[in-house]
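Letters A, B, C and D name the chains as they come in the text, with residue numbers starting at 1 for each one.
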Amino acid sequence: MQHLTRLLGAAAIAAGALGAVPAFAEGGTLVIGSTQVPRHLNGAVQSGIATAVPSTQLFASPLRYDENWEPQPYLAESWEVSDDGLSVTLNLVQNATFHDGEPVTSEDVAFSIMTTKENHPFQSMFAPVETIETPDAHTAIIRLSQPHPALLLALSPALAPVIPKHVFGDGQDVKSHPANSAPVGSGPFMLEEFTAGEAIILKKNPNFFIDGRPKLDEIIISMVKDPSSLLIAMENGDFDMYPFMAGSQEIKRLEKADHLTITDEGYAAVGPINWLAFNTKSEKLSDVRVRQAIAYATDRDFITKALHRGVSTQQRGPIIESSPFFDETIEAYDIDLDKANALMAEAGFADGMELTIDFIPGPKEQQQSVAEYLKSQLKKIGIDLTVRAAPDFPTWAGRVGGHDFELTMDVVFNWGDPVIGVHRTYLCSNIRQGVIWSNTQSYCNEEVDAILNAAAVEQDPDKRKDLYSRFQHIIAQDVPIYFINATPYHTAYDKRLMNPPKGIWGTMHPMDRLEWSE
Amino acid sequence: MSSSFLLRRVGYGLVLMLGVVVLNFLLIRLAPGDPATVIAGEMGGATEEMLESIREEYGLNKPLIVQLGIYVGNVLRGNMGESFFFNQPVASLIAQRIGPTILLVITAQILSILIGVFLGVIAARKPNGVMSGFVSVFATIGYAVPVFWTGIMLIILFASVFPFFPAEGMQSVRLRGADVFTKTLDIAHHLVLPAFTLAIIYLAQYARLSRASMLEVLGSDYIRTARAKGAAEKTVLFKHALRNAALPILTVAGLQFGNLISGALLVETVFNWPGMGRLAFDSILRRDYPTIMGVLFFASAMVVIANILTDISYRWADPRLRGKS
Amino acid sequence: MTDTPDYKAESPTLEAWRMFRRNVPALAGVVILTFIVLATLYGTFFYSGDPYNVVWAPHEPPGVTPEFPLGTDYLGRDLVAGLLTGGGPTLAVGAAAAAITMVIGITLGSLAGFYGGWVDNLLMRITEFFQVLPALLFAMVLVTLFSPSLWTIAFAIGVVSWPQTARLTRAEFLKIKELEYVTAARAIGARNKRIIWKVILPNAMPPLIVSATLTIGIAILFEAGLSFLGLGDPNVMSWGLMIGANRDYILDAWWPVTFPGLAIFLTVFAVSLIGDGLNDAFNPKLRER
Amino acid sequence: MTALLDISDLKVTFNTRYGQVTALDSVSLHVNAGETLGVVGESGCGKSITALATMGLIPMPPGRIAGGSIRLADEELVGASPARMRAMRGADIAMIFQEPMTSLNPVFTVGDQIAEAIMLHQKVSADRAFKDAVALLDRVGIPSPAARARDYPHQLSGGMRQRVMIAMAVSCRPKVLIADEPTTALDVTVQAQIFDLLNEIQRDFGAAIVLITHDMGAISEMADRVAVMYAGRIVEEAHADDVLDFPQHPYARGLIDCIPALGREDHALKEIPGVVPPLHLLGAGCAFAERCEHANDRCRHEKPLLANHGHHPAACHGVEEGRI
């Protein structure tokens, strides 16, 4: 017994003498600290940022994107969209190989897109894709049932990873395929080790088809559940990068750390919106005037400036303000208590009403604190609000998905093109009982459906922008949802890192240009 | 050590563990909420057919007894089923984590016994002395402080304000490739705070127990004989008295094991220690039933094994019981 | 011959009380506990304030604004109101869980100890079965599956903690059952029920009282642990919940976690001191000191 | 020539719930080499306290040697350094106790415990000490000593264990051997064997023996001289035959009369009325006054001293005045 304690005592002293951090390992290793825990690593069948970050390093995709929403060549060195918009031809690079040496062919591209179409939760991404022809090993022609301008964005690394047919095409159900946890891809990094819930270790793919890349030898994603411990680890230099950081406390604190840089760039395509959703079918909220009254009573500036201490930016409509389709002229519902009280009276609720508000368990500052703020704020227009907490995500998802709620705070991602992340919330056809992040507001407006379906096929970008403007105006009028702020995702990274991931997809994009300056 | 005793004890342990499996299986199936929605929910955008295919795949729509039969059958063959969340066999998930938990629990147990017994023995020398009062009050403080609160405070103090120790995890990922010695040193470096946090709670019990047990032993005749032989007080205390006082401490150490695992769960969550406790906690929040069951099974297995080891070591330690079945 | 004072006999409980009164730490425990219970019951009369109300800017340090001596939490809610209202549920769950533990523990323990034979064997196997289950883990499963409310938590804690009490009761019953006064009671025709309740149980009470006191402490820590993990009743303010909710902001504000932690500690500390005091008072061996 | 062990005016007090109690009130005893002193008295009269005080084993606090001296071979023990006392215990003066069942450490073998006693006082290797231990076991009459040496105490009978205690006590040839009720817990047949063994030991090692007992039979067997104690005081001291045949002090007489003698069936067994008073309630006078039929006012108020007239002193006014 004594021997062990002497060892521990010696270790503690020796380690203390070494200084807080064992010697800084040279040789191009990037350690990412993350609070997200992926189920597995195959982005073709699993949505969510947790899977997307490692998946985009392991798998290549037909296209990739730069900082201003422009598609760039990747596995497809060039591509053409036919005039009628019903077919898209991808000309693949000749020298791309999978990590196991097999060449990447059009067969794999076809197989990947069709697999994602059948298994990925975002049905709208490839819904219009009917068949994919593969005239030769390096040409794939996607046949569409209707023009689908959103297709190019859908071919980004996060949404359309090219998975090897010879691995995943063995008949097993891809959703639970064992290779999902030990994937073979053609991306800049290969998997060395994946301990579920703990760490993902990626090492350089020596024969990546873009030569001279990736610059790093190794990327390690280490999962830390407790944000405070992750913060301390960042300050002590245990980790080099901390993406998807949303807490004002964390952001303010790491801004003071002199060896780190903090940026909010890299999340344009993610488009995370923090909003207050109304259950339009509940009798108290079916009257649009009540919803408008609540919108006018809520002070968006107070929330972003005081509650979020200025780290989050305001969001006034269903399309993220960083997206080219956003229209600032829509009604923003800036605070106006008189108008709110007038509307309440007009709707017959002069003596007020009782409502309950739920919130998705997650960053408290974005959800619970806004719900608590609304509890005291809506008293001013006679609404007595009860905050109903849920112990965990499944319970909340069960309630809101099952339409058993009146108000709820929620955070939903735009995912780049409105067809992928926006339509699902407003289409009558997507009111599906029991499914979270569908049209849980039961909001149905025929005109909105018509506009969205038209926009989905409109190839002329300007006309498409006009359609989405009209859509945003109607939503602003009907207020099925009051939009509050964009989740203030920031990335903290070591100052010595060059070419940090600041594209529209941020870290959910191949980090093959990232390197250490010293 | 009669082998029949050993066999009976191990056999009985297996029956206990099987009971744990059946109880938990029934419990989880009786609970409200349909696991399929959770699995689908995780993947977002579930359709009725998707829910149905999930139920089919995980065998959720068969009658309860059949499901139980399949599950127990699988468990006996070492197949604990697939984790709903991680899409990996539960057995491999737990295999990665059982080591860290055992390391944490054993270190904490050793620390609390060593320090606790030492304090208890000192206190027993002068039952009404200042030291005795101090030991019992200090021990009670250690016992009364909520373990997660101690953990958080230790992290703030020794990982942030004075960054002597790492704030989380079991080993620094940077040292993955290093040689065995550096890696052991690194793990020990990570182990200090969590092990100490867990040890503090049981320090109190051992201090109080060894004080009472020592007091009782010091009053016995053979201690007077030892003194009459001219043995030094230190020998009387640490050889003659402690050797006898250790017997009840040994029993409590065995029984304490179950609580230690519960304590470990909280410590692992606070220190981000990659053990079974944290896996159980995360799985519960994700309604990942197979993994919860797996962890409960292995945790109870550890308790049963601990009890058997305690029984055996107790019989070995006390010559009066040696050989008797 | 000086008149020798008569050698007045003291009942064991009276003597235990005299021993207890001289035990300083135990008295300190009683004082602290009474203060906490009174603060929890009547605090809200003197200090009005709804713990859920956002009353001030978040993370206001303690001692800065007079109205909020202990400062505010991450939402800007008054910590003093939180502590006062949070005490109630914490103590209630602690006491209820202890009660459930004692009821199940004593019943099963006494039956096993008194009747022996297959009853003892069966009950002891059940006890061992529950002792094999890691308590907190099993409680978590119970609480999550049957939706967290104060009663599910109290029940969950009770279900996992009664084995210790059962073992203790059985040991006491086995010991006392052999003593002459029990055989004497049986000799004058007392039926089993009377012997259990009127003869053996009262004599087995001392160690059980001690264990009951310590169980309250354990139950409070248990509830705090569950709330800390986020499995407490989210809509009921309790000390563990306050720690769990504010834990993510610990680097920004240490007090919203420290004060509830201190409150839990003081309560359990007081209860343990009382428990130890009772233990020494009832323990004959220590009495001659 | 002063006695080998000379205790004079020893006063020992204890702090108890009832305040300070005098357990030994100026006790004087002495024993010479090769001689056996019997110490007799009801339980609670301070016999064992005297022995423990001599060995320096009285826990302080609550106990305290308030006065008097204990000299062993002209070396003063009261106030001696703990180290000196430790070196002396087991080597120069040894003790065996009443309860052989509990006086041996249950978790160590008998051989080890004797070897430990040897190694404490002699520079010998462990296995040399173990061999000596086996020889000692043989010397005290334990069959197949080598095997028994590896046994644990619970594997031996009461008598055997007492023999082990004796072996342990004499392992370093002590000058004085104190036997505190060595046979009380044993049955009669084994008692005789133990007494024979003690005699042999005395003859071979020339040790002085202080035999503490309430068994008058043992006294008549073993003791050369006898001291009778009552309530922490010596009430009578003389040669064994004198005390047995002509007890002076009323208490001594009562004791002797209690012995059921063969052939004297003519009268019922006599017993001494009353009970030994608690030490903290002793009055100023003679401790035995309450139970003594000859007690008068003087006895109740003035403490009788052990006047040493001739070879048969007794602390009793009546005897002094020739009343009894």
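Keep this in mind: a residue touches a chain if its C-beta (ideal position, glycine included) is under 8 Å from a C-beta of that chain, and two chains touch if they have at least 3 such contacts.
All values reported here derive from a predicted model rather than from experimental measurement.
If I average the Cα coordinates per chain and compare with the overall Cα mean, which chain comes out closest?
B
Using the touch rule from the top, work out which pair, A-B or B-C, shares more C-beta pairs.
Result of the comparison of A-B and B-C: A-B.
Compute the distance, rounded to whole Å, between the mean C-alpha positions of subunit C and subunit D.
Once rounded, the distance between the two centres reads 52 Å.
How many angstrom lie between the CA centroids of subunit A and subunit B, rounded to a whole number?
About 38 Å, centre to centre.
What is the distance, in whole Å, between the centres of subunit B and subunit C, each centre taken as the mean of its C-alpha atoms?
23
Averaging only over C-alpha atoms, locate the centres of subunit A and subunit C and give their separation in whole Å.
47
What residues in subunit B touch two or more of the other chains?
Where subunit B meets two or more other chains at a single residue, that happens at 33, 152, 160, 269, 284-285, 287.
Please output the residue numbers of subunit A that touch at least 2 other chains, ranges allowed.
226, 228, 232, 391-392, 395
Please set out, as single numbers or ranges, the residues of subunit C touching at least two other chains.
144, 147, 230-231, 247, 250-251
For the complex, give me every residue of subunit B touching subunit A.
Checking each residue of subunit B against subunit A gives 33, 37-38, 40-47, 51, 57, 82-83, 85-88, 93, 96, 107, 110-111, 113-114, 152, 155, 159-160, 163-169, 172-176, 182, 184-186, 188-189, 191-192, 195, 269-272, 274, 278-279, 282, 284-287.
If you look only at subunit C, which of its residues touch subunit B in the complex?
Going through subunit C, the ones touching subunit B are 25, 128-129, 131-138, 140-142, 144-147, 217, 221, 224-225, 228-231, 240, 243, 247, 250-251, 254, 257-258, 261, 264-266, 268-269, 271-273, 276, 285-286, 289.
Help me check something: in the complex, which residues belonging to subunit A touch subunit C?
Residues of subunit A touching subunit C: 226-228, 231-232, 247, 249, 253, 306-307, 361, 364-365, 368-369, 372-373, 375-376, 387-392, 395.
What residues of subunit B sit close enough to touch subunit C in their complex?
Residues 16-17, 19-20, 24, 27-28, 30-33, 127-128, 133, 136-137, 140-141, 143-149, 152-153, 156, 160, 208, 215-216, 219, 255, 258-259, 261-263, 265-266, 269, 277, 280-281, 284-285, 287, 292, 295-296, 299-300, 303-304, 307 of subunit B touch subunit C in their complex.
Residues of subunit C touching subunit A in their complex?
52-54, 57-58, 74-75, 77, 144, 147-148, 230-231, 234-235, 245, 247-252
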